[in-house]
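Structures incoming, each one as structure tokens.
Shared between the two complexes below is chain A, which pairs with chain B and chain C, respectively.
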Partner chain A sequence: MEYKILKKDQIIKLYNDLTKDYNFFAPIKEKRNIVFRKITNPEEIVLDYLNSKVPPKEILFPEKDILFEYKINDNEIELEEPKNLNEQNIIFGIRPCDAHSFVLLVNFFSQGDFKDEIIINRRKNTILIGIGCNTPKSTCFCTSVEGNPFQKDYMDVFLVDLQNEYLVEGISDKGKDLIKKLSWLADAKEMDIEKAQELKKQAEESITTKLDLKDIDKILDPNFDHPIWKEVSETCIGCGTCSFLCPTCTCFDVIDENVPNKNRGRRIRIWDTCQSCLYTLHTSGHNPRNSCIQRVRNRILHKFCYYPENYGMLGCVGCGRCVQLCPVNNDLRTIIEKIKKIEPKREEKVSA
Partner chain B sequence: MVIENENKEIEQLIRDLAGKLLEEKQVDVIIGYTEGTVPLSSSPIVIDKAEDVDKLIWNNLCYINLAKYLVPRIPTLMNEEGQKLKVGIVSKGCVGRALIHLSVEHQLDLESIKIIGIPCNGIINRKKIEDEIGEREIFDISVSGDNIIVKGRDFEKVFPFNEYMNELCKVCQVKSPPFLEDICVGECLENPVIEDDFSDIAEFDSKTTEEKWEYIKSLLETCTRCYACREACPMCYCNLCFVDQNQPVWFGKTTGYSDIFVFHLVRAMHMAGRCVGCGACSSACPMGIDLNLINRSLEKIAKERFNFTTGIDPRSLPPMMAYDIEDKEEFMMEED
Partner chain C sequence: MPNPYIPMLTKIKTVVSENKVNDIKTLELVFKKEEDLKSFDYNPGQFAEISLIGKGECPIGIASSPTEEGSIKFTIKKMGTVTTGFHNVEIGDTVGVRGPLGNGWPIEEMKGKNIVIIGGGFAFSTLRSLVVYFLDERYRNNYKDITVIYGNRDSGEVLYRDILEEWEKRDDINVVLTIDREEEGWTREVGFVAAVVKKVAPSPDNAIAVVCGPPIMIRTAVAELVNLGWKDEQILNSLEMRMKCGVGKCGRCNIGNKFVCIDGPVFSLAELKKIPNEY
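Entry: the complex of A and B
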């Protein structure tokens, strides 16, 4: 395996080299928040961030995604497919949990007969140059959901911050090829690799949130009507922050915008959330999930019961955003602990 | 008095009154605040047993406006038999104001609640502290003397509380809820008189329309339209918000600039003479958008045009819902 070294002041060179062939996305500080943007000034890149406010899912699955535009000329309908679908992207500086979430996103959008070509293509055309987390937050729990702060499996290229420079490792074939092209990268020394291993160990040890999620779907499945749902939703105000900014949440709404009398319009996909009261409102006025009890339950069941049942994986990557950002501090970790304490139901007596 | 002692006293007041109300069965449940599980947070809590009163806390991070839990948008608190519970609600000034104005708008029966009045000493501006700390994790935040102490892995920073308080708290004149006979217990304000010169927004007011537009544009740029501001606001109680109307669709729903702007503009119009200046909306916004200047401007307009301050008098008529032949209308009629 080959390791390289990228000096911190060489990021500009890296950007200049890659930006010719790729849209270069990286974390920057925009107003108060770290977000991923297609950058034009590499000096803006912030790599020692804790975690971004908006997850990089917004690159594959934007908040506002134009699916197509149309024009009506006489009796002809002219459809215009989205542009830039075949453009090549690099996401630089993505964290392991967010890279993990891309696996979930692609899996979700590839199910059944209706594959979402837009999102699948975007992912295919995107190279991830990720970075390990030297200082995970107290709310991070990637190690409880089959991840870890140095998980590189979902990356194409993996970086480790060695303080003055980055250790660079090619993971996938795509990533290895990319490194070959960057022939100016210096070779890493044995010492650097050892230091990276030490950092990995430290980072893993510093994760304080540990959740036992094994077989949690088995507990959840028979407890749809358990009183716990009232308890854990009592103070929820239904703001949707927990799902809007969750890297694995995929719900969307599709809206049509028509320009009256101009015979043109467009179809747009926007983010939606199961925490909004409108989400399940039927045309009849009936709403099967009419209160926070049902909505909070749905969020938890979707991630920790339906995901394992349907796809054989958990629907959470342990980024801790929902824990940090819920305005009423309805802490997912506390909810999980409460679920784990549910007494297993005794075998129902079979009466003759 | 130093702030942490004030906090202890307020906390004791809450626990004593909550315990008494529950023991005497004057209420079935108390809505209050409890300790949060992450720094810079607090959590609302509903308790129904006198022995649980020690879970109730007061600190300068109790930013949620608890009146939200009594509006129609949130399911009514009921017992097993489906009867409405009698609620005691821990009320800083702006919670009391929200409750009073909700009753003015016929959304709440004040007779069915008990207001536990507390003399609020201000809420910490979380966003401003986070800005100062940057990309480092905060492990602990506490108040000592007149300062806020913030600690993290290898840092400790001190911020003067007066400066790092929410902007709305800095100018708040109704720190305790207005007094209502038979409904309020604890510390309340009898006949509060509001004299506000709005000097805090004088600078903003003196800007040209173009400059104000630039400010608002840049303010709202990062809005993701999650509507956390709306869901945290005690005055946003409509079961179907204008922006959710979809048969037909009234407003654009994307995060395109004009759609975001229309949402906030129309919401602001709906808040005129209704906003109680609690700052819950800005505290809840995950993107750190500070709507205070908009809210203060609304308060100013209601005060100047109608001599109205929201949530002070349960017998008042809300200016936007009442007609008076003397109402000033020059702002509706173009002069030239």
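Entry: the complex of A and C
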């Protein structure tokens, strides 16, 4: 395996080399938050961040995404495919949990008879140059959900911050090819690799939340009507922050957006949340999930019961955004701890 | 693979007002492209996402039968923005169609069985599709006795009156129509659907029942069937949920780990008992 070294002041060179062929997305500071943006000035890149507020899933699955465009001339209607689907992207500086979420996104949108080629194509055309988390946040729990602060399997190229420079490792074939093109990268020394190992160990140890999620779906499934759902939803105000900012949430609404005073427009999808009562409201007024209890339960069950049942993996990557950003401090980790404490139902004794 | 969100384009061929109140209409659509007509290969009980481009889209059960070739029909109640839009269309207007979607009625499993079809109100559209399919001369012999029990609030609400009268004249189908209260000139049954089910007392032997209607009607009619000895596996329902994409992606029609749009809308009572009561 070949390791390279990228000096911190060489990021500009890296950007200049790659931006000819790729849209270069990177974390920058915008309104005091870290966000992933297609950048034009590499000096804006911020890599010593804990995590972005809005996950980079918005590059694959934008908050507002065109499904098709239309033109209406009298009664003749023309429909056009969304454009720019074949553009090549690089996401620079993505964190392991968010790269993990891309696996879940692509898995979900590839299911069944109807594939979402819009998202599948974007992923195919995107190279991930990720970076390990030397100092995970207090809300991080990736190690409980099959992840790791130095999880590199879902990246194309993986970086480790060695303070003055980055250790660069090609992971996928795409990533290895990319590194070959960057022939000016210096070779790494044995001690750089050892230092990265040490940082990995420190990072893993710094994550104190340890949730045992093995077979959690088997606890959740029979406890759909357990009183715990009332308890854990009591303070929820249904704002939907937890799901809008979740890197694995995929729900969307569809609307037709007409260009004012023009005979054209586009059908778009926009992020939606199962935490809103409108989400399931029928036109008739009937609402299958009318209460906050049902909606909170649906979110938890979706990630930790339905997703594992349907696809054999957890629907959470442990980024901790829902924990950190909930306005009423509802903590997913606490909810899971409570669920884990549910006593298994005793077999009812039947006597003749 | 094509973009699953782009509709095929159709033109409205006919519009029929189905009830006295005039809030239910049946639109007949013809595909603009021959290849779209061919690709729209459907079973009774499936649905489609139909749209007025620029207004929006909604999921509607297919009211026509695949045996009625050349066009497709949708019966639409005026409820919200899009359905009101559909009530204001004119012949020749363009309608977008994505489909067929969902599983539909299990016409293969129903072969060789007695069929009992129980419907209430405007939920009769995919039942119309099913009965028209069964009565087609190519398929009628695949099924045994067919009984249709169809109830409405009053006589003005009865959908598909012409075709119901044709069915009543046939001797290979037993059609029982009922309305909630007596009306002058009404010569058929009077009373709620459940009461009529009790009176007709369909036998569960080698039979499948299909029940569609408002929740209260489903509950009471199913209770009568259970009293008559029907098993949960023999009773089929078609569920309605709010939907956007219809292809298992937008998320909102989930009941437990199932999506009504792709795993349903048809579920047996036995299947429904295994999933949460969130519908």
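Please note the rule applied: the second predicted complex is superposed on the first by the 339 of 352 C-alpha atoms of A that agree within 3 Å, B and C clash if a C-alpha of one lies under 4 Å from a C-alpha of the other, contacts with A are read in each partner's own complex, and residues count from 1 in each chain.
Convention: a residue touches a chain if its C-beta (ideal position, glycine included) is under 8 Å from a C-beta of that chain, and two chains touch if they have at least 3 such contacts.
These numbers were taken from a predicted model, which means no experiment stands behind them.
In the superposition on chain A, A:Thr126 contacts neither chain B nor chain C. Residue contacts after overlaying the shared chain place A:Asn89 against neither chain B nor chain C. Legend: residue contacts after superposition of the two complexes on their common chain; A:Ile255 is shown touching both chain B and chain C. Contact with chain B, but none with chain C, is seen for A:Leu50 once the two complexes are overlaid on the shared chain. When the two structures are aligned on the shared chain, A:Gly112 is found in touch with chain C, with no touch to chain B.
With both structures placed on the common chain, the touch criterion links A:Thr143 to neither chain B nor chain C.
With both structures placed on the common chain, the touch criterion links A:Leu79 to chain C but leaves chain B unconnected.
The contact surfaces that chain B and chain C form on chain A in the two complexes overlap at residues 253, 255, 283. Partner chain A is touched in their complex by these residues of chain B: 36-38, 41-46, 63-64, 68-69, 73-75, 127, 130-131, 135-137, 139, 153, 221-222, 224-228, 231-232, 239-240, 244, 246-247, 249, 252-256, 283-284, 286-288. Contact residues on chain A toward chain C in their complex (touch as defined above): 67-68, 70, 72, 75-77, 79, 81-82, 108-109, 111-118, 224, 250-256, 258, 265, 267, 269, 272, 274, 279-284, 286, 288-289, 294, 298, 301-302, 305-306, 309-310. Only residues 1-7, 9, 51, 53-57, 79-80, 83, 92-94, 96, 215, 240-242, 244-245, 247-252, 254-257, 262, 276, 278-279 of chain C touch chain A when the two sit together in their complex. On the chain A side of its complex with chain B, the touching residues are 30-35, 46, 48-50, 53-54, 63-64, 135, 137-139, 234-235, 237-241, 244-245, 253, 255, 257, 268, 270-271, 273, 276-278, 283, 291-293, 323-325, 327-331, 333-334.
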